[in-house]
Amino acid sequence: MQHKLLDLILILPAAALIFSIFTDVLWMSYLQLAVSVLVFLTVGAVALSFNSITVFLGGFFFIDYINLVILITVSTLELFVAFYSFGYVRSEIAGGVSKRKFKFYYFWKNLFIFSMMVSILSNNLGIYWTGLEATTLATALLVSFNRTKESFEATWKYVIMCSVGIAIGLFAIVILYFTTFQVYGESMRSLSFINIMQAGAKLDKNFLILSFILALVGFGTKVGFAPMHNWLPDAHSQGPSPVSALLSGVLLNTALLGILRFYQINGAAGIYYPRYFLIGFGFLTITVSAFSIIKQTDYKRLFAFSSMENMGIIALGFGIGGIAVIGSLLQIFFHALNKGLLFLSSGNVLAATHERRIDKIRNLSKNFPITGIVLLFGAMGISGMPPFAMFLGEIYIMTGIFRTDIWLGFLVFILLILVFIGLFGKVLKMYVGKANAGNEEEGGELKSGGADAAHKAVNEAALHPFIVYVPLIILLFSSFLLFYIPYPFLHIVKSAAAEFGGKLIF
Amino acid sequence: MDNLKHKGIFRYFFNCLTILSAAFFTVLSIYCFKSEFIVQSSFINFSFKFDALSLFFVIFISSISLFISIFSIKYGDKYDDKPSLFIYSFLFIISMLILVISNDMLTFLIFWELMSIFSFLLVIYEGSEESRKAGFLYFLMTHIGTILITAAFIMLYLKTSSFSFDYYKGAAGIIILAAAITGFSIKAGIMPFHTWLPYAHPVAPANISAVMSGVMVNMAIYGILKFLFVFSAGSNSFLGIILLVIGALSALLGIMYAMAQKDIKKLLAFSTIENMGIIFMGIGVSYWARIENFKSLEYLAMLAVLLHIINHGLSKSSLFMGSGLIDKYTHTRNMEKLGGLSKKMGQLSVLFLIGVMSISAMPPLNGFLSEWYLYISLIGSVFTGNLYMVYFSIIAIALLSLAGAAGGAAFTKLFGITFLGKPRTANAENAKKSHVIERIGIALPILLCIYIGVYPYQIISGLNSVIFYLTGGTVNPNPFSAVGAVKIHSFSLYAPAVIAAVFTVLLLIILFYFKLFASDKKRVFETWACGLDEKNPKAQYSGSGFSSSIMKVFSSFYSSFSEIDFEKDVKKYFRSKSVYTEEVNDIVEKYIYIPAGKLYFKISDFFNRAANSANINVSLGYLFLTLIVCFIIYIFIIR
Amino acid sequence: MIMEKIAELFIILILVSVVLNVSSPFIKFAIKLYSFQSLMLAFYILMGAVHFNSVNLYGSFVITIIFKVILIPYFLFKTLKKVKMDKEIDMYIGIPEAVVFAGSLTLLSNLIAQKIVKTGITFGSFVFTISLATFLIGAMLMITRKTLFSQIIGFLTIDNAIFLAANSITHGMPLLVEIGILFDLFVSILILSLLILNLRRNVAA
Amino acid sequence: MNFNGQHLIIGVVQFFIVVILAPFFAGFIHKLKQRARGQKGINIFQFYINFNKLLKKEIVLSKDATFISNIAPYIVFVTYLIILLMLPAFYRYSLLGMSSDVILIAYSLALATFFMTLYAMDQGSAFGGLGAAREWFLTVLSEPSLIFIFISLAIYTKQGRITDIFYFIQKGAENAFLTGSGSSAVSVAIPFLLFISLFIVSISENARIPIDNPETHLELTMFHEANILEASGKHLGLYEYGSYLKLTVFLTVMSLILFPYMAVNIYQIPIAFIIYVLKMIILCALIAGVETVNPKMRVFRVPNILSVSFILSLIAMILSIRRF
């Protein structure tokens, strides 16, 4: 039974992919919604009945607690995104974007989801790699969806950097293969994650460390670790908002999964150097993001930098180990939801005003009351404030860090505050206040409009079907999930942390 | 909401809900005293405990929010267009009520931050650029505070492996205490961290400012009391001295800046900083005495702290409500535009006068009572003869007395310029009379002020249970028995009831005497102005003129800047027009916060240029540089 | 044994071709060099296949020839013709410095290779060094050259380096994985070409 | 503390005597000053006559006056009365002696200032605001000194009530000089320092030259007078009498610091009273001397002299701590 369900997780997106070639856009939006609900339910069923590592589809795919967490994250966010796209596509088509473009949109998005699923579930590192590269290619055309010069440049940067990065990741796999080859010979088992883990200490340590370093730099490029992050803000800010949500929310985690797999393999062989690399990259990423975020003028770039910061925190948590791993896993899930919230709600603003610059958007509290408050709460949530779920992950991670070193903990806290200054200050600027204080044109259209004077006065009710808000509001409430995390999910997270090698203290 | 008839419904509903839940919480906490209960969730167990400290704070919060709710039943009608005010303020008060009964760190942090979030939403409620800046500064500072508190709790957790406050007794070492106290001081607006307060409190609607200034800042005191007197491992008494000195500096600078303000609410906000400083002084003395084992001194200083919390809460909330009424009925908060309001708003001015007297510690009102206890405990700590404490408490006495006198000046300015004299502008001229419900909301805390000031014995014996909970001893409030048990207390005696009674009797006698034996003729005439233009209200002393001479003496505190611009080509002595500009800068803001912000921007500029290059070659270069660095680490470091 | 020695010749030729690439500022020549380099790679794989008599490696040889020697250069030429970009490439550093850099990167690769590779793992000695060196020099190509095309060439060189490493072990990677990898590579080249076209059009317009 | 009828009665008598004597002291100073200047001088009972005259005059109120104008004179007056009720003059106990806390006294003085300045601002005249601002300017500077002096006394004697403080000093002096025992507990320096300090403060608080000139109505020099410029009739009378009371309060405290001699039983009262009056007259002469010798100083030089007072009291406090 469970095998069938597991197969279904891959089959359903594949089916959606095939459907998207033939089906009309409006129908496709229903279909997409249905598929994502089904995927969500399937994943839910799998999660509820899951008890041990299971291999399926001929040994090429497997599921354990760690990728189950990411799978749950992907399916949940995809559900909201599909829901949102439903309204988004309609309002965009009404706004004059051609249907054909949205057909492409659905095709590439489904390809993206499918290859991401393949990546996440793959047992074979080679398949993981193929899937990950495929996500880059599938999203490349989504990033250049707007067909502007900026979007093409962003895509170019994205494809080149991620391809190179993933090529380095491939090198890592090859080097890993050098040593697993000596244990298993020429067979699929040499690349099978489960088998490599079993080989454990029999593997050559020098190869393992080198492969980890290559994987960290290579896949780390796709995760958005600090010195290799340059593509990330550009790419994430260019695509349509639902795609940005997926890119930021889950694709980064998919790439992180690759690093984690290598980390696990190193751990199984008894090597502990990698943790310092993870901590170092995590810290560097947070630092760069903390000092870059204040200078951003485009709100989607702002959120992209925030994603970077969160990936840094997650990596830091995994590097610290122990209790922090639980935090990182929770952070993966909640960050995806919260970032989805931010991108989707800013998508509403973008769709209505066609303006990405922060200083052109003012007084959302008046013109976009629902979107505005959702955006504001989302910004609070992403800063890791207590009533929001992100706080939970952060407090676990910080507990781990404080256990390791108090001053590192304070340092990270300072960086988090800097991120808060940048992110929240800018979102707040959009939420209240006037465009250019002391503007003489206040009596005219500018008074009511969020955008600059060239645009007509817009407010949210005019442009969007109400359905756009439903996922936002559900997401908003889910970012309060801290108060009630479903027990099975918590169990999965804790088991994943145990699997990862973290001691369970809570 | 288009229907005007239903507009007030939110206001009535949520204010009544606040009143009801305040009453409910009070009853609950009295009924469930010393019991605890747990609300279970899959992950967090929200545990609550009703101990003496939380009982005290529940009653404190709920009574003041009760008054404010009564006040805003009518006052809030100008906010009916955006009823979110009432929802947020209800949630704000509720989260504070839950905060003080929470018994584990997660519950505490959640409600702590909920409190901050709702108050933040209320600060930015008006939506102006000014309120955005204030709100952001506030939220940033409070976020830093929360993070420090979180760090303290994390370290406590690591020490005890438990979330529950029950296990934290005696667990907090010096780093934990330092982190927590810094975090809480930010919320309390203590001096180096006070910058947000004078911006945030004035921009909120008045009923919210009243809650924030009267109640919310005291939540920080709650946290500090909890940490210092319950969680502290009791190692370092120097912390107490630091608190004392910082508190004294806050008190002095707070009131000095208050004196320089023109905006009524800003003046009140700075006065909040002063009063928080006074509370901190008490906490410092009490904690120091606790560590150094001077029991009676500890109890006495704690009494001063608790009394001052109540007194400040009552008078400050009533004054903020009063300032709200002034704002509402004259449309300005700038006291240079007011004047003569006493004629138009007679009852309000009496209430305001008593509030002003209370907050500037005029005997025999309540403000003096707590300050008196603080003086006595400071003298007590001089008596201990401890090498450091003696000198620091002398400094504290000096600063406190200076602050007391400056407080008198500041509030004389506030009351005199606003309510007395001639109306300075049309705003004041056309002031309307406030509604009776609004005045009832102000009158209730004012009556309590008088009651506590004149007959404090009941409230002190009530506070004794809190003092016992925190310190393990009690203070005898009996005015006529010189009790031997508490050495410091028998040192001196202030019997407010007697003083007040004698005062009243003498006043009546004198009044009666002068009514009988002196001429009772009265003539009402224009004020003499040397025979010049007698009706010109501009001839009056202005608010800034009032404070300028004091500011000139203490100019080193202000880093102020003033200049007079004359029109150039006019005759030397008869100038037609001159412009006086004055600018008072907060030295902490000017020399710490603004440079820090500039530094952050500078570093960000550098980072942004270096790390976020748009050039793909550079980006790829970073990628491969990282790879090569990792290779080098791999070759040479990892073995 | 003789196969291994011949294979070493091909390996050296790969390195030589990439160094030549560094020293030349012409795009067309670079594509031709890439094609040649892929051919050398294919021959290396063929030698391995003959030596081990491995079906897997024969398959590898065939798909390498198809994708790398023929299809990808073909598409690149086509794109080049469309965008009419046939001039010298601008560089951030001069050619002599670049060549010196390439040499020092080879040194670094040798250090790493010495640390991990024991003799007998790979088919042909110093394969790993050459592969890593090619990899890093390819990266250098991407960094130092301003044209989008050189970035593609550099990327492809990196890919070749990895392919070389992957096929240097007795039987190579599993064929399925290799096909997946090559297909991805091919698609990414297509997408990159598309992007170049779009970018050119945008710049022109 | 025993609280019996005798103390009550003598307390009341003491209070009334001091209250009644107050204008006399003020008049005496005035007279001395005028004689020193070579004028004939007023009747030393002139201030009683003035007060009586003022009571019979009508009140002229400003149009802008509010309720403050009607209550402030009474409150100011009663506040000074209350302070006098707490003070011992020539008897060891006073009527409110059990609650005669030093801080209470200092803050009560501030209360009087508070209402007087509010009165000044009530009529909306330019002088009123000026007077109020200047009054608070002085108070902000002198109030800390005053509190410091009182607290130094409290620390020196380890007593909090002003009656006990002076009794302690008296007792210590008696012990040290008469019986020679316990002389280590007695210091001459500390009370003397405090006396000088208090003298400076009282000059500023009582609006005397060189800080203020009570006799002129020139706007540049006015401190105290500007506050009550609008007062007339019985209000002015109350203010005037109040200022005499305030002067008496300060003089009494000074006299007790310098040479405390208070009757402990009913038989010592006559001699104690005579000594009290003598002390007061000497102090009056001292003040008159200072007023005659010095010119009025600039307003912004006042902080200099007040800071001297503050530092002297600080030194006194530190010296008293060293005795522990």
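Brief remarks follow.
The chains carry the letters A, B, C and D, assigned in the order they are written, with residues numbered from 1 in each.
As a convention for this text, contacts are C-beta pairs under 8 Å (C-beta built on N, C-alpha and C of every residue); 3 or more make two chains touch, one makes a residue touch a chain.
Treat the numbers as computed from the prediction; the structure is a model and nothing was measured.
When chain centres are set by their Cα atoms, the one at the greatest distance from subunit B is C.
Mean C-alpha positions place subunit B and subunit D at a centre distance of 35 Å.
With centres taken as mean Cα positions, subunit C sits 32 Å from subunit A. Measuring from the averaged C-alpha position of subunit A to that of subunit D gives a distance of 77 Å. If you average the Cα atoms of subunit C and of subunit D, the two centres end up 100 Å apart.
Touching of two or more other chains is recorded for residues 616, 620, 623, 627, 631, 634 of subunit B. For subunit C, residues touching at least two other chains, in rising order: 112, 115, 139, 142, 151.
Multi-chain contact residues of subunit A (touching two or more other chains) are listed as 156, 160, 164, 168, 210.
By the definition given earlier, chain contacts exist for A-B, A-C, B-C, B-D.
On the side of subunit A, the complex with subunit C involves touching residues 124, 126-127, 129-130, 133-134, 136-137, 140-141, 144, 147-149, 152-153, 155-156, 159-160, 163-164, 167-168, 170-171, 174-175, 177-178, 181-182, 186-188, 190-191, 204, 206-207, 210.
Subunit B meets subunit D in the complex at residues 339-340, 342-343, 346, 349-350, 353, 357, 360-363, 368, 371-372, 375-376, 379, 382-383, 385, 390, 394, 397-398, 401-402, 404-406, 408-409, 412-413, 415-417, 419-422, 479-480, 482, 491-495, 498-499, 502-503, 506-507, 510-511, 514, 517-519, 521-529, 537, 539-542, 545-550, 552-553.
Contacts from subunit B toward subunit A in the complex involve residues 41-44, 106, 109-110, 112-114, 117, 124, 127-129, 131-132, 135-136, 139-140, 143-144, 146-148, 150-151, 154-155, 157-158, 161, 175, 600-601, 603-608, 611-614, 616, 618-620, 622-623, 625-627, 630-631, 633-634, 638. Interface of subunit A with subunit B (complex): residues 156-157, 160-161, 164-165, 168, 209-210, 213-214, 216-217, 221, 226-231, 233-234, 273, 277, 288, 291-292, 294-295, 363, 365-366, 380, 383, 385-387, 391-392, 395, 398-399, 402-403, 406, 409-410, 413, 416-418, 420-421, 424-425, 428-429, 431-434, 437, 482-487, 490, 505. Across the complex, subunit B meets subunit C through its residues 616-617, 620-621, 623-624, 627-628, 631-632, 634-635.
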